[in-house]
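Paired with subunit B in one complex and with subunit C in the other, subunit A is shared by the two complexes that follow.
And then the complex of A and B:
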């Protein structure tokens, strides 16, 4: 007899099947209705979208239910479930491995499809909307097939299993595991919407600027979520992995960073198309690249082709994802080729020293950066496939690349915000860059004053001050004219994002250049000193439950509060995971890890201390980027997109 | 074609209007304004003439092709340059390492990777344990397992090489015991090495007894249990 818990498998499978049927008929209705201009058929589309969305929600709920009730009749629960996993990590265990993460992807995608259909329900007869919705259904069908086939989370497991190992220990060690994956997925999956509208625009031949307006906010929100997801991932790496770094150019980190780069290029270049009618093919290519790179990223993450702290085990979905990637690229490139004539841009760049010139330079840099990071990431895989040699493209390569690219982008962030469209004169530039340049000089003087050295970090701080000045200038002018509403809108919100980026660049330069570290053997009652800070071992703390045993060393820092770097032994897996403990401040972090073995009976412990300046500004910068994205998405009262950059904003009465 | 021309004409007319706004807002100075306006007007006039059938505007096809070829050459050059650069920067990947980047491995991370390779790739495992010992010279686990794998691989060797490997293994195991007397694995493996590889049951016996008393990991325990009976038998003779 099936217990209540045993029902989750059949229910989940049934829900996925119903969802697939809903998406399939949704696709048929959208395509046939649009082609035949049959409103009756098109009116069925929202029902199918709702059906597939509700089914995906039901399947996800069934999975959560199976996890909560520890339904070990399912292979997935056998793999990542455990009776001893705490409730929170048990909940998040659903997306801790391949099958569940694809289910989460499907959930977000079907909800977005439903949201799009709901938003455009009155315009469902518009062919561009029809084709966009059809594209979303098509993508949805692919993910339903994955969850019913090679990545089925509801597959039956071996009989007689009464407990499992639980999720990867690294995924049950920090609260960020609750937020990082879903937010990153919102970014990944959200890119489907602008991609779908781009396909709709190509099919209908309405490749002007209308479709951009439709998808502006969707693209912005997806980019914002992708940004937040990446920042949270860095934070997780810092707080959990114990190596004191935030970014290691790990293939899976790169897999999220590459679409972020092309997405960032897109949200800049789209302004050029809206304003000057240029870069039509380029913008379409960037959108196609961004979406297809999210699929390629999923292939890298989920197929088991590489070793990484994030990569899941071997799976069979690789060929499916690669085939889907190929279909997207071929169809999109084919459509762009087919619409080649219509994609001819009426505008041209009048002068390289103009806002569109700066955007073009920014796009070239972002695209080349994305290409080289992609090449560095997949190069070892290609060589392994062709020559059976195992290669690594190490961190120094990416660092060498990132420093000049980052500095060039910072330089563009100094200049671009003050540039007008079409052409800038030297006189205008010197006027507008006067105060920002002083910001750069002040930043340099301050940095040298506090003892900063090294060409790259000093250049970063100088350009950071300069770019910060340019962004603040824009915000001050806008708030003078409009009060607090001057912070809202694409241009002004964008400047808030710029300030966030600058803070991140400065924090990265400082923390990478001026980190000091040292291993210390601490003995009870003896104070050790490093880099002007004191460390004293005051004791040990042990906590044990059915899942793990945590042994923490209590280290008093600077005679104040005790910090407790720990080692957690996960009993079922026999794995030891180190957990750092961090004393954070606006100036620097004191990052402590404990080196094994750690013995409570002993009166000594070996710890590693990292003194890392300005790390907190990374997270503040990330937060500002999120806030800036939000401000950019809500324009409120603002100039028309076609107005001059310095045109006065219409007054309340005239607005 | 005429749709495209009309579209371009409208775009240029709109650009002229925008240009006026931009000048009024102080974004464009007078000289630039005049130059840009003349250019737009000239282009608008040419398109209007063509739309009216007065003359045919020949787009700068030649220049367009040159530009395309230049763009293609640049893209190929960047791609080839990037490829060569990446190839030059690549290096041998060790087991457990990512294809790209590297999260700086702590000794515990290296130990975890090495543990997985103990039997599948003993050479690499020894390499990783040696890396751990560079970071942390007194790590008993790295000393113990490197010695154990060294002893296992020495079996296939002969003469002085075998002798040297076994002596090194025994010395390191003794050092591991000294560093952490509560670590069972060092006792277990030393007992096995004494009995199996150096044929000394009397030296093996106390090591194996200590090992069993310390409740070693399951996989080591079963291995030791099978040997203890043989050791007892040898001592009884």
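And then the complex of A and C:
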């Protein structure tokens, strides 16, 4: 007989099955109702959406229940559960490996599908909405199949198991595990909404600008969550995991960055379509790319084809994800080809020296950047397939190519905000760029004055000052005209995002170029010095509980507060996890790590000190990007329609 | 104010930038610590037993051994950074290099980004040429009326011009 603890498995499996049925009938109802214009059938769609959403919630709750009650009858709990894991990390252990991550993905997706159906409940008979909802159901079915098949979190485990190792040690040492993965997933999964409406627009042939208006906030919020998720991940890596940097170009990091790049290109180029009715095929392609790249990224990092310290799981879902990726690409490209005639844009871009010209250049650079990161990520696979040889493409390769791309993007951020639509004269540019350019010179003079060296970082500071000036100019003009309302809307909120990006670029350039490090052997009572700072070992601190032992060296920095870089040893895994300790300021971070082994009985310890300039500005920039995204979501000043009346009149209109 | 923003002032700004960049890029960067050199070198070498981590990041014993070897070479002071990386690569084969070589099929990883960039820029250039050719029409009275209406609404609004 099943005990209460053993119920989670059957309940979870049943919930997933019901959810799959709900999504399947939802798809059928949406497709048949839309095709036959049958309102009665379409009115069933919200019920099926609710059914699949409630089922996913129930499955997720069952998984949490199994984790909380340590139900070791399930293989997944045997893999990531442990009696000694604290409650918080036990809760987050649900998404600490593949099966639970896919369940979380499914939960977010079904909730979004329900949200879309609820929002458009009065327009469910609109064919574009119908097809969009059908697309979301289709994606949902795929993820239900994954959770019932190769990534089943409720699969029965081996009998007689009474305890497990717990989640990966890296996923049980900081509260960020609560926020980073779900926020990243909100970004990934959120991209399904604009993709679904794009498919709806293609199927119905309503490829004008209507579908963009429907989805622009969804796209913006998804992009915002993806941005926030990436920045939180960087912060976690730097402050907590002791990987001593914010970004390592690891395949898992790249998997989130590539769709972010194409998504960023989209939220710029979509403005050209809304304003000028152009770039229809391009925008659809970017959306399809962004969504399909989230699936490809999941394939690359979850199937075990690429090695990453960050993947936390291997599985057999690779062929499923690859097939789904292929279906998305083939269907989307087929639909775009089918609607080719209707996608022909009526307008033209008058001059490269215009806002739309700058957006196009921005899109080219972002797309090339996405290609570079994708190529570097999959190149080891290509070499292995062609020559049966192992190859690693790492940080130095990406850094080398990212620098010129980043500088070009910064240059565009100097020019684009001041460019008018259609065409700019030299005189106009000279007027508008004058003070921002002085901002760049001031930044360069300051940098040289404080001793900065090296071409790439100096160019970054110069262009950062220039681009910051251009963004501030736009904000000052807007707030002069409209007061605080001048901070909201896409153009002005976008400038706040730009300032955030500039701060991040400057902080990265400074910390990557001017970081100094030194290993120090500290002895109690002896003060060591490095880069003008003093370090003194004052003692050790040991904390132990059922799952781990933390040994920290107490290091007094500059005669003030003591910092405690530590090594955590997880008993069940025997893994040593280093935890840095960071003294942060606006100018620089003093980043301390301790080198194992630590002998508490001795009077000495080996530490490594990194002096990293300007890192705090990276987090401030990230915060500004988040605030800017929120400001962009608010409606700005209403503008009269400015359709391109000089564009050739479409043949339909003249007929 | 108009004179202030004329081309000679822009020329002056350009000269200031060139002068400052010259000062900044040619002056001595200061000595690197041995630890800085070890970090810089180990960032280019993959840990042979890890999941794609560099020797710089990894705490695995194989990475530790390579780090110690690099540290010994740096302290000896007889080899350049590239020579040290080369000697490690010879010991562990090229698969420990985190930067692919620019020879053979590995060079594709360097060539393809440049090829894609060149194609994209060429495509953009061709598109602008086509648009310029297509865009031969005069402004209609509707256009003129619309622009005048928007300018009259708020002439200082840059979004409208």
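Just so we're on the same page, the second predicted complex is superposed on the first by the 631 of 655 C-alpha atoms of A that agree within 3 Å, B and C clash if a C-alpha of one lies under 4 Å from a C-alpha of the other, contacts with A are read in each partner's own complex, and residues count from 1 in each chain.
The working rule: a residue touches a chain if its C-beta (ideal position, glycine included) is under 8 Å from a C-beta of that chain, and two chains touch if they have at least 3 such contacts.
Being a predicted model, the structure only gives us computed values, none of them experimental.
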{"item": "Fit or clash - subunit C, subunit B, common subunit A", "value": "clash"}
{"item": "Which of subunit B and subunit C A:526 touches, first, second, both or neither", "value": "neither"}
{"item": "Which superposed partner A:254 touches (first subunit B, second subunit C, both, neither)", "value": "first"}
{"item": "Which of subunit B and subunit C A:326 touches, first, second, both or neither", "value": "neither"}
{"item": "Partner chain(s) touched by A:341 [first = subunit B, second = subunit C, both, neither]", "value": "first"}
{"item": "First (subunit B), second (subunit C), both or neither touched by A:597", "value": "first"}
{"item": "First, second, both or neither for A:578, with subunit B first and subunit C second", "value": "both"}
{"item": "Touching partner for A:395 - first (subunit B), second (subunit C), both, neither", "value": "both"}
{"item": "Subunit B versus subunit C as contact partner of A:450, first or second or both or neither", "value": "neither"}
{"item": "Identified clashing stretch of subunit C versus subunit B [9-17, 45-53 or 81-89]", "value": "45-53"}
{"item": "Set of subunit A residues, in rising order, touched by both subunit B and subunit C", "value": "243-245, 248, 250-251, 306-309, 350, 368, 371-372, 375-376, 379, 383, 390-397, 400, 420-421, 519, 576, 578, 596, 608, 642, 645-646, 648"}
{"item": "Footprint of subunit C on subunit A - complex, ascending", "value": "243-245, 248, 250-251, 306-309, 311, 348-350, 352, 357, 360-361, 364, 367-368, 371-372, 375-376, 379, 382-383, 386-387, 389-397, 400-401, 418, 420-421, 430-432, 434, 437-438, 440-441, 444-445, 447-448, 452-455, 458-459, 462, 474, 477, 481, 491, 516-519, 576, 578, 596, 608, 639-640, 642, 645-646, 648"}
{"item": "Residues of subunit A touching subunit B in the complex", "value": "237, 241-245, 248-251, 253-254, 277, 306-309, 341-342, 344, 346-347, 350-351, 368, 371-372, 375-377, 379-381, 383, 390-398, 400, 420-423, 425, 427-428, 519, 567, 574-576, 578, 593, 595-597, 599, 606, 608, 642-648"}
{"item": "Subunit A partner contacts - residues on subunit B that touch it in the complex", "value": "4, 7-8, 11-12, 14-15, 18-19, 21-22, 24-29, 31-32, 36, 39, 78-79, 82-83, 85-87, 89-94, 96-109, 111-112, 136, 139-141, 180, 182-183, 217"}
{"item": "Interface residues, subunit C side, partner subunit A - complex", "value": "4-7, 9-10, 13, 16-17, 20-21, 23-25, 27, 29, 33, 35-36, 39, 43-44, 46, 50-54, 56-57, 59, 94-100, 105-106, 108-109, 112-113, 116-117, 120-121, 124, 127-128, 131, 134-135, 137, 139-140, 142-143, 146, 149-150, 153-154, 156-161"}
